[in-house]
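There's a structure below that I have some questions on.
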């Protein structure tokens, strides 16, 4: 399947099959509910995936972008009565603004320092949300109207899950497409370069800080779009959107199947949510299973479940820079000397 | 490949609906985590009540079957569970410990056309929300609660220094506002010496307690709904610091489990609540006696207020169905909202037009680890 | 008396690709043996296997004996304790420790062997004494190389494995280092040296082995090997150009 | 404001933060591992101590010993599980694997101990000391003393013995450390076991103050996070100072502004610190310096 | 051998008065040199003399004083990441790659004049992106082959290459099309025999194709054979500068650096 047209056709068939999936699975409302949740949450996870896989950092503030999308949708529709389209634009802009501020602050750090500072940012964001009446305080915002994306004469509305499916599915496809294209774009390549060897990337003409910020913005937009749709689906937003629940879901979804695999986060999220919906062992049992699976997967096959598959090609991206190369390991281990950070 | 993989087995509920003779009733409440213990108690109470109802011939001649789901105190999971129950074809969902979880589930249930009765969650938005025009709630509202605290304090003294220790969220801030408004209404000349706000999850209160000592209050009003950890911790640390001023806890926050966890530190606190199994008028109420006996028999437990609310919600729904003669959501809600329903474990209860059940409050104090009702 | 190092049927593979297949290699005590070969021939792989050390995870099979004692199955640190000391290619120092700490922070040597003192090392490389308080991370490439060799000597090796120690060293230092190693050998140390600088290596070694595509293709006393056409053509000739 | 009392509060809170953080600090410095399961390990420590007292009736101090032993065992299990990832310094996966480990612990504890809140009853928690305007419990005093002791011992171990250099060596390059004749997995074993034992010890000393729940993990140690980072990653002395500092900040901020916003304020402080000196905080272990 | 750099052909790269301090330590003091297109400048000196630091300063990767001139323009204030675009590229003393990318992908990443589509084009005009990608891969492949990185290794990760091949790869990355001046930090380190010969012819080819090459080396045979001019550093100072033959004859250089090896 090397011919691009053949690949395109295959992707098309897959997309159509995906759309029909709920019907193939019996079309019950539970199937629709679960699949809508899978679509929305995996779209959310792709935001983090871009950061984790391509930039090589663990952002713990991504729930805030998801929440920003949802809150923007809620406030614009409930408080100001705008349409869902406006809300989408608002969600994207709000996420961009927040990501810009947070990115400028947090992206100066790397590795676990970055994770820690993004966690701190998430705590502060959550505190703001639960104390600011404009955002509904700790009770959140209720009464979000059903999704209405009608344009002109074409009626596009959704209330129940089955009606949400086309929208959620479309969002997922769009996300997949954008992430796929991103990985083949200049920015995607630059992200990898900056991640793998900042010093060499500088010598290839890249401004590391700018690239990192751009990727951060992109990922925020992806997560925010998912949050926007989630707000309509749930009709309620609250501070729980900042919870570790979503964070763990994102991280696990991304990690489970393996990094830099296009369908990875989707698969991971689907696995997790289906287990919760169809084979739950109770809250404690689920936690135990999730934990054991995570530890097992990462300790036994650090490259994710997909690495158990026959290898696709040599360039499976690991995070640890090829350790045989001393220069690269230096980079991963040491406080960056001045020259590694560039001077701009 | 992935999408074609049949991950999902053919669900069991897709069977022929004729076979589903019992009426399914969903219960969504935390069964794990900080509120897990109370949630489990509530689900037991609902089950006891279902046994009683089924022994008495069921609802519309059909037995009631209870399906319990754990919301893990997480709205997203609550929503998923609500969807599961909707798919399972429940006639009603009894839910709610945490307000955000209730608020998140409301719209999902309303869209699915399922009647939704809130047992415990207190947020005002639950009854005001456009998402669920047929909202019903059993637990008392903040406004009702505030009046009784003011009245009780007024009976103790007309002039006093008060310190509030308030959880910093919608419930806590709302409750404090309500109480202060009631003070004004009752013309009580109280000095609010200090208001100490703390985050819900806090368990170490030494900083607040030091501030309380400094403020030399006559009374301390605690607004802390963290029954699992926060409130007992506060009571223990407060007792130890020998501050002296009596603590008044807001309505409904002092459940027997709080007293059990706090141990002797709970002695001397004052609070009010809406239900006590062994106190009049409940003690002699035949419905309540049957319920208390059933709890004893089935779960070897004495019901508390939360359990009573859980059981009552099922009982009230059953009575409303009988009145309406159908399971239809609107009809059943109509038989509850704005109506009076006799013969419940709370006696004859009245719902206002917004769906809020009206309560009588009883002030109590704790002596030797036991609740002693004062009025 | 058995040989200091005896390798038999050694096979090392990365994934499916076999990088080294050596049937037999013997190093006598008190000698300096050199391994030479083109880039990618498997020199590093071979001597890493002797120390059972690698940054990658190669599969190693075969027998390695030190003074007749079978080392197979022993971890790298166990081999260090028995006197096998490797200075790996590229970098053998801790950049986050000071020069002096790098020299002091080594496990105590096995019994019965004389370890070099820090002062001995400074005497060998005076430049290091000047920079003793600096972090190794701020050393120049050549200074790091000196430190790595000094660090290895602190462990009182019986068999010292050096992977291209002259990389990055100034010419003056290369000859100093190599002649120092020669002196150490004359004092009884046994050294296996991987060296690209065949010219320099041929001056000090007793024995030379030529490795090509993972196999030893020639080996013998340096006087003989010097005239071996394969070596003259590919290695010695080049440096005259 | 009763300044003296608030200072005492701050000192006690601060020492609790520092003691809870000490294992994590060492782990982060030496294995470069951000342990998101730290909170759950704290919870396990507290529950084990409680269970020993409740089930066997052993005295409190023996329960502390039991908790410490089990904590060390838990650390050892972690080391076994994570060894490969630690050796290859796969930092992203390491961070996430600890998250999973914490989830598994919480799930298992939930199944074993249920959702009911429990009280770890220390006899010293009941004894109060009133000195003029200030008071504290004997438990508080023990906590402060024990914290100072643990920090002093760790400091000495890292600065007066080969351990400090060994720890910095594995932190930088575990593979190369083997060539120095050190058994790397054993050094890791020590570090992980210390993390487990230290957090269990902290739990057994701190937890008697409040009811314990199997779900309390992260809430209880969230400040630890800040201590570890602000102290300068991997710095023992730094985390003691940071713990104490944040404790005092908590007390004074709570007394002067509002306890409601203490967490947010501390985290904002953390962000500010990281923005102002990112290099410092990203620095590798600063043991012995 | 080529002529000395004359005033006629203007230097591509010139540094004047480079000075670098690390705290109290003066690593580089007032060093100046220049190199023109089609010329090779050798920098030699004992270990720790400041040669690599000189490269760091010349690429604005370390705080320093002194000026940098690219094609006669003052580039001192330009950030490090701006210089490659202006044609200044370098290698590092220790091999540096994008560890998780294949050799071919590394090369693609280093091509500055042929880069993947911007995000918007990749999203909205995917076919153009695909065309571009094919061109880039082809160029990268050809370039690698020209720099003695055999096709069989193109699918491997850099860490899986032997040290010598890694060095060739890092030179190939630095000398990507579009480069005008290339700074090579000890390219011959770890090379020997046939590889050394290959490297030498490679350097000559680079020079002949019009690149300005600056070479830090300890291999005197190589430097003396191909450099047009040699600069000698010691303790951060420039102690000599001239044609290879002059340098070899310089007593100070012999004492400080070459020893009996010369």
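Per-chain residue numbering starts at 1, and chain names A, B, C, D and E are given in the order in which the chains are listed.
The rule is short, and it goes like this: a contact is a pair of C-beta atoms (placed from the backbone, for glycine too) under 8 Å apart; a residue touches a chain by one contact, two chains touch by 3 or more.
A quick note: this is a predicted structure, and the numbers were derived from the prediction, not measured.
K.L.:
Give me the chains shared as neighbours by subunit D and subunit E.
P.N.:
The common neighbours are A, C.
K.L.:
Find the chain most remote from subunit E, comparing centres computed as mean CA coordinates.
P.N.:
For subunit E, the chain whose C-alpha mean is farthest off is B.
K.L.:
Could you tell me which chain lies farthest from subunit C when each chain's centre is the average position of its Cα atoms?
P.N.:
B
K.L.:
Where the CA atoms of subunit C average out and where those of subunit D average out, how many Å apart are those spots?
P.N.:
44
K.L.:
Per the centroid of Cα atoms for each chain, what is the distance between subunit A and subunit C, given in Å?
P.N.:
For subunit A versus subunit C, the centre distance works out to 49 Å.
K.L.:
Rounded to the nearest whole Å, what is the centre-to-centre distance of subunit A and subunit B, using the mean of the C-alpha atoms as each centre?
P.N.:
Taking the average C-alpha coordinate of subunit A and of subunit B, the gap between them is 36 Å.
K.L.:
Roughly how far is subunit A from subunit D, going centre to centre by Cα mean, in whole Å?
P.N.:
Spacing between the chain centres: roughly 31 Å.
K.L.:
Hunt down the residues of subunit C that sit against at least two other chains at once, touch-wise.
P.N.:
Only 55-56, 90-91, 95-96 qualify.
K.L.:
Any chance you could list the residues of subunit B touching two or more other chains?
P.N.:
In subunit B, 31-33, 36, 168 touch at least two other chains.
K.L.:
Can you list every residue of subunit E that touches 2 or more other chains, as numbers and ranges?
P.N.:
94-95, 159-160
K.L.:
In the complex of these two chains, what residues of subunit B are touching subunit A?
P.N.:
That would be residues 2-4, 6-11, 13-14, 31-33, 36, 70, 72, 74-77, 79-80, 83-84, 86-87, 99-101, 103-104, 106-108, 111-112, 123, 125, 128-131, 168-171, 173, 200 of subunit B.
K.L.:
Touching residues of subunit C toward subunit E in the complex: what are they?
P.N.:
Interface residues on the subunit C side: 14, 36, 38-41, 44, 55-56, 89-91, 127, 131, 138-143, 145-146, 164, 167-176, 195-198, 234-235, 238-241.
K.L.:
Please give the residue numbers of subunit C that touch subunit D in the complex, ascending.
P.N.:
Touch residues, subunit C against subunit D: 51, 53-55, 75-77, 80-81, 85-86, 88, 91-92, 94-97, 101, 104-109, 151, 155.
K.L.:
Flag every residue of subunit D that touches subunit B in the complex, lowest number first.
P.N.:
It is residues 1-2, 5-6, 9, 12-13, 110, 114-119, 125-126, 128, 135, 137, 209-213, 215-216, 219-220, 250-251, 254-255, 258-260, 262-263 of subunit D that touch subunit B.
K.L.:
Where on subunit E does subunit A make contact in their complex?
P.N.:
56, 59-63, 79-85, 89-90, 92, 94-102, 105, 108-110, 112, 115-119, 121-123, 126, 129-130, 133, 155-160, 166, 173-174
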